[in-house]
Every structure is written in C-alpha cells, then in structure tokens.
Amino acid sequence: MGEKPWDGRFSEPTDKAVEAFTSSMAVDRHLYHYDIDGSIAHCRTLARAGVIAETEAEELAAGLEKVRQEISRGEVVFSDRLEDIHMHVEDRLAAHVGALARKLHTARSRNDQIALDARLYLKAETRGIIAQLRAFRQALVDLAEANMGVAMPGYTHLQRAQPVLFSHHAMAYYEMFTRDTSRFCDALERMDVMPLGSAALAGTTYRLDREYTARLLGFSKVSENSMDAVSDRDFMLEFMSAASICMTHLSRLSEELVLWSSAEFDFVDLPDAFCTGSSIMPQKKNPDIPELVRGKTGRVFGGLVNLLTLMKSLPLTYNRDMQEDKIPLMDAVDTLKACLDIYIRMTPNIRVKSGVTGRAAGRGFQNATDLADYLVSKGMAFREAHACVGKAVAWAMDCGKELHELSLSELQQFSGKIGEDVYDALSVEQMIDRRRVFGGTARENVAAAVKKAKQRLEAE
Amino acid sequence: MGEKPWDGRFSEPTDKAVEAFTSSMAVDRHLYHYDIDGSIAHCRTLARAGVIAETEAEELAAGLEKVRQEISRGEVVFSDRLEDIHMHVEDRLAAHVGALARKLHTARSRNDQIALDARLYLKAETRGIIAQLRAFRQALVDLAEANMGVAMPGYTHLQRAQPVLFSHHAMAYYEMFTRDTSRFCDALERMDVMPLGSAALAGTTYRLDREYTARLLGFSKVSENSMDAVSDRDFMLEFMSAASICMTHLSRLSEELVLWSSAEFDFVDLPDAFCTGSSIMPQKKNPDIPELVRGKTGRVFGGLVNLLTLMKSLPLTYNRDMQEDKIPLMDAVDTLKACLDIYIRMTPNIRVKSGVTGRAAGRGFQNATDLADYLVSKGMAFREAHACVGKAVAWAMDCGKELHELSLSELQQFSGKIGEDVYDALSVEQMIDRRRVFGGTARENVAAAVKKAKQRLEAE
Amino acid sequence: MGEKPWDGRFSEPTDKAVEAFTSSMAVDRHLYHYDIDGSIAHCRTLARAGVIAETEAEELAAGLEKVRQEISRGEVVFSDRLEDIHMHVEDRLAAHVGALARKLHTARSRNDQIALDARLYLKAETRGIIAQLRAFRQALVDLAEANMGVAMPGYTHLQRAQPVLFSHHAMAYYEMFTRDTSRFCDALERMDVMPLGSAALAGTTYRLDREYTARLLGFSKVSENSMDAVSDRDFMLEFMSAASICMTHLSRLSEELVLWSSAEFDFVDLPDAFCTGSSIMPQKKNPDIPELVRGKTGRVFGGLVNLLTLMKSLPLTYNRDMQEDKIPLMDAVDTLKACLDIYIRMTPNIRVKSGVTGRAAGRGFQNATDLADYLVSKGMAFREAHACVGKAVAWAMDCGKELHELSLSELQQFSGKIGEDVYDALSVEQMIDRRRVFGGTARENVAAAVKKAKQRLEAE
Amino acid sequence: MGEKPWDGRFSEPTDKAVEAFTSSMAVDRHLYHYDIDGSIAHCRTLARAGVIAETEAEELAAGLEKVRQEISRGEVVFSDRLEDIHMHVEDRLAAHVGALARKLHTARSRNDQIALDARLYLKAETRGIIAQLRAFRQALVDLAEANMGVAMPGYTHLQRAQPVLFSHHAMAYYEMFTRDTSRFCDALERMDVMPLGSAALAGTTYRLDREYTARLLGFSKVSENSMDAVSDRDFMLEFMSAASICMTHLSRLSEELVLWSSAEFDFVDLPDAFCTGSSIMPQKKNPDIPELVRGKTGRVFGGLVNLLTLMKSLPLTYNRDMQEDKIPLMDAVDTLKACLDIYIRMTPNIRVKSGVTGRAAGRGFQNATDLADYLVSKGMAFREAHACVGKAVAWAMDCGKELHELSLSELQQFSGKIGEDVYDALSVEQMIDRRRVFGGTARENVAAAVKKAKQRLEAE
C-alpha cells in the first residue's frame, strides 16, 4: 500500500511539482479546527449506527482532541505530500491511536468532509461579521447622536442641494449596514445545512443518523440530496455577494471621508492615530484608512467574480476546480473583517468640524427649493415656482449673493407673492426642521430614528 | 420659462449631442406603467395631505390613465429632449389636464420617483421569476418521476464514480432552483420598501402620509431615511447576485445537456424543435438551447460587475451615474426570464436514453467503492479495503474486465474475505438501493424526495 | 426541402419560442455591410478557383450590392425565422439572382463567415476609435496650451501636495490616451487576420486562394489554422481589455471634473450646454456628462467579464455560446465611442477658474517639501529636513498661517539654516519652475511637452 | 523626531491596528531585489548630478548590496511598523552606513519608487512568462509532430462534425499561445518606462539625468509626465488582461483534456504522475491538473476585475488605494506561471489513444459534408446538396448505419448523381487530405505548419 489514500491502482508515484500544484494546504490549514469538530461528530455517528464501538468512538475523539492541540500549538508541520487538511489530521491521529485511525474515514469522502468544513467555517465567520456589523452600526448611531444638530450641505451630483443634519447623513449609513446584517442573516440560514453522509456523491451505504450529526455540530438542517450536497457552493457565492454589497457601502463612506478630509471640504478631522504622512511632503496627513478600505472593495468584487467563474458550467458532482473556492472566500472574509474592525475603531474618533459644515450648509443656494416651496404655499404651481426661483438664483449669482442676502424688493422682482416671512423660510434651521415627513431630516425625525436604532441594537 | 423642468438658471440651451447622451429613454420606456401607478398614488397622497383638492387628484388620476393608454397603444413618440419617462408622462398629462399637471410634481423629485419606479418594476419581475422557477422545478420533478428507476453513472471529476438514479441527479437541480427561489423571496422582501416622500434627498416639507402611499402601491414598508432612500441600489445588486447564482445552476445543467447530447455520452435526446442544424454539415443536430443559456451566463455576471462597479465609491446621495443602473438590471431580468422560459418549454421533452445510461452505470469500475464497503463489512478497515480494491481494479483493467466480471477465485487473490455474495453487492441495482441514508440515491429515498417536492410545490 | 439551411435531417419544425431565443438578429443587423463585403470577396475567390464562372461571380456581386442598398434603405424586414444576417442576405439575394444564390455558400460555413464579419466590423470601429482618441488628445493638448501658466494644487491622497501647472495635469491625461491609442493599434494588428476558407472547422476542400480574398478585403494576413480561426475570439477580448483600460482613464478625468465642479473645489466651469439642472432644486447645475461617463465605465468592465466568462472552458471549435459575443462587444464599442465623442465636444469648452486654482495652489502647506529641499540645499540630510519642516507645519497650523506667512524669526525657530532667501524658495512660481527635471511641472518642460505632442499628433 | 519617515507634524502615535491594516509588507517583501536595484541606480544618479559625492554613492551602493544579502539569507525580520519595503531597506542601510543612509531618499518619493519597483518586477516576470510560453508552444508542436497522422473527430457544438488530424487540433493551441506571446511582448514594451525622478508627483527639483538612471536599470524609455508616472497602473492592467486571455486558452485546453480523459471519450491517457485518485473510490484516476488549471482561470479574471475596480475614478495622482494593486498582480503572475509550468511538464507525457480517436473519426456521419461536396462536384448547388444529404443521414440513422456503410443503390435513392467513386470520397483519410486549403487539416498542410512553427521557435 502506498502513501496516498487512493494510490492502490497507480503505477507511478506523483510528480513532486504536481504535489505542490495540487496541494490545498495554503488555505486548508485554517480549517483544522472545523475538520476535527466534524470528525469527532462523525465518529460518534458511526458508533451510534453500530459501525464502530462506542469505546472506539471515544478513543478516536480523544485522539482528535490531541491532534487539535498539536496543531494549535504549531507542532504539526504541514506538507504538500499529504495534500489536504483531512490527511494531515488522519496522519497525526494514527500517531496517537494507531490502526484505529483508519476506521474514521468509513462512510465519508473528502467531498462531503470539505463541504462540511467550509460550512462550519463560514457559519462561524458570518456570525462574527454580523457581530462586527452590530458594533459598527452602534458606532454610527453614537456618532449621529454626538453630533445631533450639526448642519451640513446635502449633495446630489456632488453639488450642494439642500441642508441636512450630519446625523441624518450618518443614519443613512446605519440603514445600509442594517440591510447588510439582514442579508448576512439570510445567508447564514441557507448555509446552515449539514452535508455529511453524502459520501463521495451518492450517499453512504451505512445507515447513519444524519440528524444526530447535525445536532452534534449545531446545524438546524441536513442536506436533502447527496449529489447537490457535495457540488453546491451557493452558500459561498451568497456570502460573497453580501460581502460585495457591504463593501460598496464601505467604499461610499470611505469616499466621503476622503472628500471631507480634503482642504476643499474640510468637514472632518480624522485622528492622527489613523492617518499617515508623506515621506517627502511634511505637511501631509493622509486619510489612508478610508483610501485602503475603498481600494479593498475591488478585492471582494474580484473574489466574487473568481468564484462565479469557477462554478460556471461545472458538471455534477465534485470537480477538482472547486478546491480553488476557499482562496477567494477566505480572502473576502478576512478583507471584510479587517475593514469593519478598523472602522469600528476609527468611527468614535471622527471629529466633525461643525463650524465648517454649518457655514457650508448656508451657502450655494441650497434654500432655492424652499423658496420654490414658499411660492407654492402662496399658490403658485410647483413647476412655475421652480422656473421663477431659477431666475432669482441666476440673478443672485451675478450679484455674488445668496438668496437670503437679497433684499425683499430684489426678491419681489421675481414674484409679487414674496413677503417678509420669506427670510424665516430660507434659514438653514427652518429648512431642516420643515422636513418632518417620516424619513426626513428634521431634528425630531432624526432624534426618533436614533432612538429607534438604539433600541433595535440593544434587542439584537 | 424654458423647455426643461430645470432650466430657469441656465443661459445656454442643451447641446443636441448632450441630450442624446444623457437621455435614459432607451430603458425608461419600460417603466411607464410603474411611473403612472406611482403618480396616481402620489396625487392621492397629496390630496389626503390637503396639498391639492380631492377633485384635482381625481382629475390627475384620470388624466394619467389616459396617458397610460396612449403609451400602451404606442401613440406616444419618445424623444431624447424630454430626457426621461417622468417628463414624457407629465408632458402628455398636460395635454389632457392642462396647467393642473404642473401640480403633480409637488413634494416629489425625480430622485425618489425613479427609486419608486425601479422598485415597483423589480418587485413585479421578481414575482414573475419566482413563478417561473416554480414551473421549472415542477418540470424537473416531473422529469425525475417519469424516469424513476433509470440508472446512470454518477460522476466526480467527470470520471464515472458510482451509479445513481437519473432521478436523483435531476432532483439535485430541483434543490438548486429551490434555493434560488428562497433567495429571490428574501430579496423581494428587502426591495419591498416605499421611497416616495424622500424628495430630492432631505425629505419633503409636506406632511405626506407615506404609509398611505405604501398601501396604495402594495408596499409593506416605507423607507426610514430619505438620503438612503434616493441613493440606495442594494435591491438591484441583491437581485443581480441572486440571478447570477441562478445562472450558475442553469449553466451547469446546460453543460451536462451538451455533454449528454454528444455522440460520446449519448445519454439524452433533445427534441428537434429545440435544436438547430448546420448550414454546412447535414448530419448535425446541435444542442443550441443549452449552449446559448450557458453563453448567457456571462451576461448576467457582467451585469452584476457593471452595477457593483457603478455603485462603488459614489458619495451620497443621487449621482447621475445611477441612471446607468437600469441597463444591466433590465438585461439581467430579461436574460434570466428568457432562459427559464425556454427551459420550462424544453424540459418536458427531454428523452433519457435509459438503455445507454444503464449500460454506462455498469461499467468503469463504479462498484469499486462497494467492493471496499463489502470488505469493511467483513471486518477490514476502510483504508486497507480501499488499497486492496485499488489493486483488484488495476488487475481487472489489465484483463479488460469489470470487477463483477472476475471469477470468485480471481477476486479472492486480493482478499480471502471475498465470498459468493460479492456479486450481489456489485450489481447496479443493489449499489443504488444500498444508499438509503437520508439524501442518498436509493430508489425509496428518491421517490420520497419527489413526493415531498410535489407537496411543497403544490403548497407554494 | 425545408425552410432552414440545415433541416434536411429534422423531423419536427423549430418551436417559435426557440426561433426567438436563438436568433441573433438583434445584433447581427449591424453587420450586414461587412457580411456583404465578405460575400462579394468570397464569390470572386470562388470564380478565381474555377468553382463558379466569372460571370456568375459578377452577377452575384451585383445582386449583393442590390441587397446592401435594400437593407441600407430599411426595406428589408428582419425576422427571427431566418436566424442570422447571413440567411437574410442570401434570402434577398435569391430574390434578385434566383437559384444562382445557392452557389454562394459553397466552400464556406457560417462559422468562418461570422468570424470574418466580426473582424471587419471591429477593424473599422477600432480605426474610428483611434481617430477619436487623436481628436480627444488634440483637445487635451489645446486645453493645456490655452491654460499655460495656470497654477493649481497637485494632489496625492486628495490632499494638496505640491503646486503644479494645470497644463501639466492635462498632459498627464494626454499620456494616458496616447497609451490607449498604442494599445488599440496593437490590437488592430492582431485582429487583421482573414479567416475565410476555414469553412466549418477543418478547412474547405476547394483550393481557394485565401491571400486573394485577404487582399480584396484589406487584410494583411490570413489565419494559419482553420480550427483556431473559427473558435478564436481573442481579438474581441483584447479590444475589450483596451477599452476597459481606456474607460479607467475617462473615469478618472470624470471624477476630477465632478470634484472640480463642486462648490468646494470650484476649479472649473462646465458649459451650460453640457450640464442639466434639477427638477426640484432650481439652483443646481449638475456635471452630468462626467457623471454618466464615470457610470458607463462599469458597463465596459462588465462586458469584458461577460466575454471572458463566455469563452472560458469552451472546447474547440465553434459553440453556440459564441453567438452571445457580439452583444458585449458592440455595447462596448458604442459606449466608448459615445464617451469619447461627448468629451471631444465638451473639452474645448471647459473653463478653468485660474484665480481659484492659483489661490488654492498657494495654500495648504504645499511648499513644505520645498522648505525641506531648501534645508537640504543648506546641508541638512533629507530625512532630518523632513522632520524639521513637519514641526514647522504643525506650529504654523496652530497659528492659522501658511509657512510663507511666518516671519523669518518664526521660521528660524526650526532651523538656524533658514535665511531671507527662503521666501523666494516658497513662492508658487518658483516651486513650479524649479521642477525642471524631464517630465516635471516647470513651465519650460510643460511647454516642451505640449510642443512635442502637437508634432506627434500632426504626424499621426 | 519620531519613528516614521513622515511624523514630524503628528501629535499621536499610529494605532497598532492601523499599522497592521496599512502595512504592505505581505506583498512588498517580494520586491526587495528590485527596490535595491532601484536605490543603487538612484544613488549613482544623485552622484552624477552632484547631489552627493561619488564616494558616498559607492558607500551607499555597497551598503545596499549588504542589505540585499541579509534579506536573501532571511536575516531581516519584516515588521508592520516599518510599513513597506522601502523603509525596511533604508532601516537596514542605516545599520550599515549610518547617517549617510538618510541621503538616499533625496529627490525621490515612495510614489515614484514603488512605480519603479513594480515595473522592474513585472518586466522580469513577463520575460519569464514569455520564455515559459515558448517552452509550452514547443511542447505542443512536439506533441503535434509525435502524433502526425492520427485522426480524430473535429467538433462544433461538441457534436462530431468533420474528421481532423489530432496534430491540427494541437496546432490550434500553438496559434493561441503564439498570440499570447505577442500580447505579452507588446505589454512588455509599454511597461518598459522608467518613472524615477517624478518624486511625489510634480518632478524633483534636482536636475537628475533620468536617461542615465534608465540605462543603469535597463529601461529603454523614461516617463514623459511626472503626474502620470506616479498614478499610472496601465502596465499592470494590460499584463492582467493578457494573462486573462492566456488563461481562457489554458481553460479550453483543460476542458478538452478533462473531456478526453472521461470514460465516454477515452481519447487520451494522462500520466499517473499527474493524476490523483479518490479516497473513497479505488478505481478513480482524476485529471486534477486540467481541473485545477481550469479552476484557476477565475482567479486571474477576478484579479483583473479587482484592479480595474481599484483604478476606476481615482483622482490624480497617487492614492493609498493603489497599495492594493500588487496583491492581484502578484497572484496573477504566480498563478499563470504555475499553470504554464505544470503544462510544460505534463504535455510531453500525454498519450493519445489513436485507435480510439481514429474509430471515432469514422463514425457520427462526419462525412456528410463531403458527400454534399461530392454532389456539388457532380453539378448540384450546395444548398440543395446539403438538403439531399440531410435526408440520407436521417435514413441511415434509422438503419443504424453510417453513410459509407450504405450500399450504392441505397445511396442512389437520394441522388442519381452518386457513383461508385463516392466511397473514396467518404473515407476519413481522403476527407482529411482533401482539405488542402492554407490553414486546413490535410496532412501536408499540418506538416508544413509544424515545420514553420519549429523554425519560428528556434528563431525566437
């Protein structure tokens, strides 16, 4: 008998370059914990089915715990020759329990084993990401609360449009990351399916109690079809889709922080501890964190494209191509976690320059819409009011003034309906507070949204 | 006053090339139905809030219904000059109700209007796709049922591995499309959020009853934050992610049908009505449908990449880039619908060549695992049994025989544990029926899976 | 004999839904011109090989010219039943020349015919894009020349770093689009290969003079291998890669124009004719063109992903999947052309606000590096000078002053090496003009770069 | 003075988590060799410009060589605190030459330094890949030569279409990889541009002789514009596009090898040393190498998407996002190299089962086109001949015979033009050898193509 778990019919040994090329240890090593959990559950299920004795199961489980400790202490040297994590674990297990180790692989294939490991891994990581999202959403709500009342320009097309509360802007991100949470929760539910028992593809011939294995491993469901179970990677694709969408949100926030850190906007001050300088330009303080997070967005998108490309057109069931699935998956997991972690740390230290944002909120004709609304309230149709205000804006721009800096008689050139009460209508505070519709930027709405979010976060 | 809804402050007319470049009519035209639904709900909400009279609301609604009919009859010529569908509708509305039409755009922006239209469109299309998936899953279950008992080789690495039932293979696809259904349902829930009232970005100043608008339009929730509402395209990204995953399933099925239609496999006969021939090779009958579906997979992936790229790093709130969102979305919707439709039509006409698949199931040493299991049942450890069978396979290959074609004495060369009962163990029927673990390929399991699926489909 | 060019062996007619699903007329219609060119060259080659008579060739060519005119006048109704452009042309040809039309398809397959059409199409379009790039590069050089001497801040990390000439910034884009030109030229050379004669896949049995066909059609090479010729889509992939890279450049320029059009930067004024306003906010003037170009970037990326996905893992030779190739290709061609066209129109009308950019160039401690260089020129090591200036910047920020606004004694706190000549060293003009290294921003360099570019453009 | 090269103006130390998040050492470590080459050339250029003394330059160069040896011997511990490879080198340099080390960074920024390192790295790797492609093309030509005369079915739509030589099929891949070579050569030329002297963005104030630096480092050109030089990543994008196209070719070849290794095709035997077995199915011999190469295709596509996404919409000049560029680049380089290497090793060991392929070439009505051509040679129009043969095929299929197995009278049912000479026309050998058009599959053509390729490879 040869060295490999499969070389009975082979006449030539594997080429060393082939061993290196086909080894999955670069990523598999991160799965040992889950692989051992799965093996322990599997040997107990074998015992329950009478395939091995209860005492054998306990001896195997104890041996597997020893292997876990060896690996966690860094005592096991990984080798391409042993191909994957499953073989490494079994190899070390044999060192502890001898020939008994060979019984562990009964009623199991590496095909259902890796499907199990990947699901256990991703369930744990997804739960961790949901917890990170909770912490980050809390940080956003805290930021909104701490800056309640700070006005800033709201933008469309990166043009100043209407003044909003900074807190309203922050709470828009709270909404995005709350949707992300919901998507990860749904993905978690769909990945919570136990594949063991599917063996190579057709199901094992042993009458295993798969529900029992599922309970031991904390799964709520077992897979319904063995061929699907070993060839399905939907749970990875769905996770990576959710991660990609989450990264678009992080990239948007990052873009805004980069803009706001520029000399031109100057809306926020990022803490020194989260910035770096330039080796050549002594004055520079660069918003590296947002830039890097923005840059890492493509990495997650690329991983999704990688995995979609990989899975496209693969005939059933397992194909070796699928060994490549864990590289983009783990990279996406690690990237998203790192980005969330750094934002959780940085967000409480973002200082909003309320003087700057407040002044900016009052300039750039952002009260033009409100002047139009004022005219509508005096009986003009909206489209007409819009045109009338457009002319007033053009005139004011020529004078180098804002609308609220025009005199009443100047304003009345454009409509006789304008009265002294127009100045109140054009103040930043009133503009903000008039937007009391549900979801609007009025202080009372935003305060209510913050309160609701805090309650929700506490309840989660 | 100029021609555009916004040109009050402009001194130069828009360049004609710019009108063509910026027009969204190529895709917007498909939204008129939803745009009009939204406008009718909006004018009723304005009336309820006292912004316009009830009679005005009814006059507007009646005018909008007239516009709907004009467009549906193809009587409205779309023009780049009027930029988008909203302006076309308002333009025609003015023709019917005169100056009153100008009141419709009160308390609304094109930013929240397009967010509404896109959600209404996608909700309807997603529901349609879920219905298509139901029909397709039914067709797969019917195919499984009609071919119950047909054996075929199960493959890993495109190597014959173990015999399975064709129906088990078909039911693996049922599982995939059932997961797709579940993903689209979750996406549908998250897109079911009414954005109107957000106005341009900050919320309208009018106290609209947004829950009322939502009820009129069949939404179950209203958006929580106006800035998020006008700049969120998550619902599109999530739909396109789900569509991409669904296309991987269709591409895998298509790949298999192409393989199975080849002279080498010859497992299925696709109906003439779904194939084409060659203009140069008279003997050809090409599996065009599966090939085209496989080819369209990249189109949906590309659309997802398009939209992810588009949304990356956009600062809040609306940016004109987002006008490009509907092109990949509608293309993905249309592509997925067309692929599902053609598969719903073709699937009932797929003829499985059970003679060919059955013979193939009995060849290629697919009973090797079962010989190993047989040895394990006689007391050998699995890894040893595997190696022992490996040697038997190598020997049989040299003889040009299958394992079950070896005599007992030949077999006993490899292990004395082998007895006469081995031949039963190595028959295709027994191999299939021994895999009775839940999710396995045994006839009783597959029949139960089919029954369960039929009940579920009826209940949906 | 049936209706299709291939249905001799078929017993059922094609399903109507299948005809619609498999038809390529939506994109093929744009190829009629090239298809007819190819057919004319083909019938002349057939005559030269003695397969048909010279008079037959001329009759066919005359008939094909009639078909070209019919189609160009919109007189031919395209139908899904006739599948593709080749069949439509042949169908119309038969109307003009009768049974002779049937001889045209000798020694040819739709597989080599579509490969030819696609290459003819893409060669023409690529040449057009190279010409557009030339015009756009000219516009950039003109913009650089017209604004020679205008200072602005140069940015890294979107932080003001060192003052540069606006013209230097513009010429950076000239370099990018010059590289794009070079890439399209290389792609053009590789696509300039004549595939006709490959027939379905194995080569025609007729001894055609393929070099003659190539000369008639303006190709410089003929394909070397018939199987490669009908299954190769590299020329499309390479074009789309070049187009994607070109779009990254357009997206970067667009991002900058959006930033520069904001109230915060206020560096440029885009012409009214190229902007639109808001239907709700009368003051808005939105940079729609740059936003839309930026948004269209993802569309070209998505098309590239589409085509890469499509071609991945296709076995030789032609597969029907490849019918889907022209959709992303033509979309990318049209998108890139439209973006270049609109930029060629808009660029001459961009007005740089030199007062604003000049003031910005003098603020934000952009002379910090030059103060460090000044200290190095006085004998300090660079890393020390950098640290010393870092402290001076921190101190000046606390005072609310720029470095050049500090008094000499204030400056000397940080190093005794600083003398009166420091103020010259810190002026924007000197900072710019000191960067005389080849490729640097000094006026003389930039003027030389502009001159060189103009000469090159004239020579192209 | 602090620990960082830029912290003069900072009041807080960098957060440890930020150091880890912003460090680029994971990828930078692979660049040390190029970084040191660049620094040696830079210090010589500084000396030539009189900025430092010649003796200082030599002392620095000697110190840098010591650092190179330390790193190559693994004696340098990399740390996130020192951010990047440049700082590690300078840190170690200071240990060898003391304060002089601080002069090295004069007239240079990390922005132009990393642009240089990346170009040096990619030039070397691209040259290596071109050499690998040459070796692989040689292996394909050798395979073609070794199997000259072996017939096999040629496929379209994975349907047997016309017989071809296996060597013709192999030479189709030779053409693809020759085009790849040409693309990498063009990319190499465009990346051969020396950026040093651009400093941070505006050009250095020192009058460096950049052509001299270029000569020292083996570049043929210097960059024309400093802002472009530090913010350009086209050379990476172009490399990754070429790599993606090359991977589509490898994926197609891999797909075919997987198909040909199946029991159904059984066309090739891959060497045991390049295959693995199954841990559960003793009979399996899996084509892992082609499967893994096919699976790695998505990885390169994903990397391209990553980098395109990253670069999209970045304003000039350097942004920290760009630090993420090397991860997909190096991964694509390593992936492509590994795939080419394993194919170079495996290709000479592929054994074509000429008996199987030859038999397959004679079945499946692949002589149908030739029967049509035969009829054309007897005076029938091609489209008619096609239809006539279609009927003969249908009839023969019903009889379970091939066309050449029909008797003359059976054949004459379909056309009276058929004579005894038809059987020669229908033989595999004649079918192949009749395709003597340039690029066709006739033996003389393929032999000529092989000869031409060998001459070209020798000349390269």
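Per-chain numbering from 1; labels A, B, C and D assigned in written order.
In this text, a contact is a pair of C-beta atoms (placed from the backbone, for glycine too) under 8 Å apart; a residue touches a chain by one contact, two chains touch by 3 or more.
What you are looking at is a predicted structure, and each value in this text was computed from that prediction instead of being measured.
Is the number of contacting C-beta pairs greater for A-D or for C-D?
By number of C-beta pairs in contact, C-D is the larger.
Matching B-C on over half of contact pairs, by residue number: which of A-D, B-D or A-C?
A-D
Could you grab the centroid distance between subunit A and subunit D? Build each centroid from C-alpha atoms only and quote it in angstrom.
32
Approximately how many whole Å separate the CA-defined centres of subunit C and subunit D?
Roughly 23 Å, centre to centre.
Give me the residues of subunit D that touch two or more other chains.
5-11, 105, 111, 156-158, 161-162, 199-200, 259, 277-288, 291, 294, 297-298, 301, 304-305, 308-309, 312-313, 319-320, 369, 386-387, 389-390, 393
Answer with line, ring, star, complete or other to describe the graph linking chains that touch.
If you draw each chain as a dot and join those that touch, every dot ends up joined to every other.
Within their complex, state which residues of subunit C touch subunit B.
So the residues of subunit C touching subunit B come out as 4-15, 17-18, 21-22, 83, 86, 105, 108-111, 199-200, 271-289, 291-292, 294-299, 301-310, 319-324, 327-328, 338, 341-342, 345.
Sort out for me which residues of subunit A touch subunit B in the complex.
Residues 1-2, 5-11, 99, 102-103, 105-106, 111, 154-158, 161-164, 168-169, 171-176, 179, 182-183, 186, 190, 197-208, 210-211, 222-232, 234, 237-238, 241-242, 244-245, 247-248, 251-252, 254-256, 259, 294, 297-298, 301, 304-305, 308-309, 311-320, 369-370, 373, 376, 381-384, 386-391, 393-394, 397, 432, 434-442, 445, 449.
Once bound in the complex, which stretches of subunit A touch subunit C?
153, 156-162, 258-259, 261-265, 277-288, 291, 305, 308-309, 312-313, 360, 363-366, 368-369, 371-372, 386-387, 389-390, 392-393
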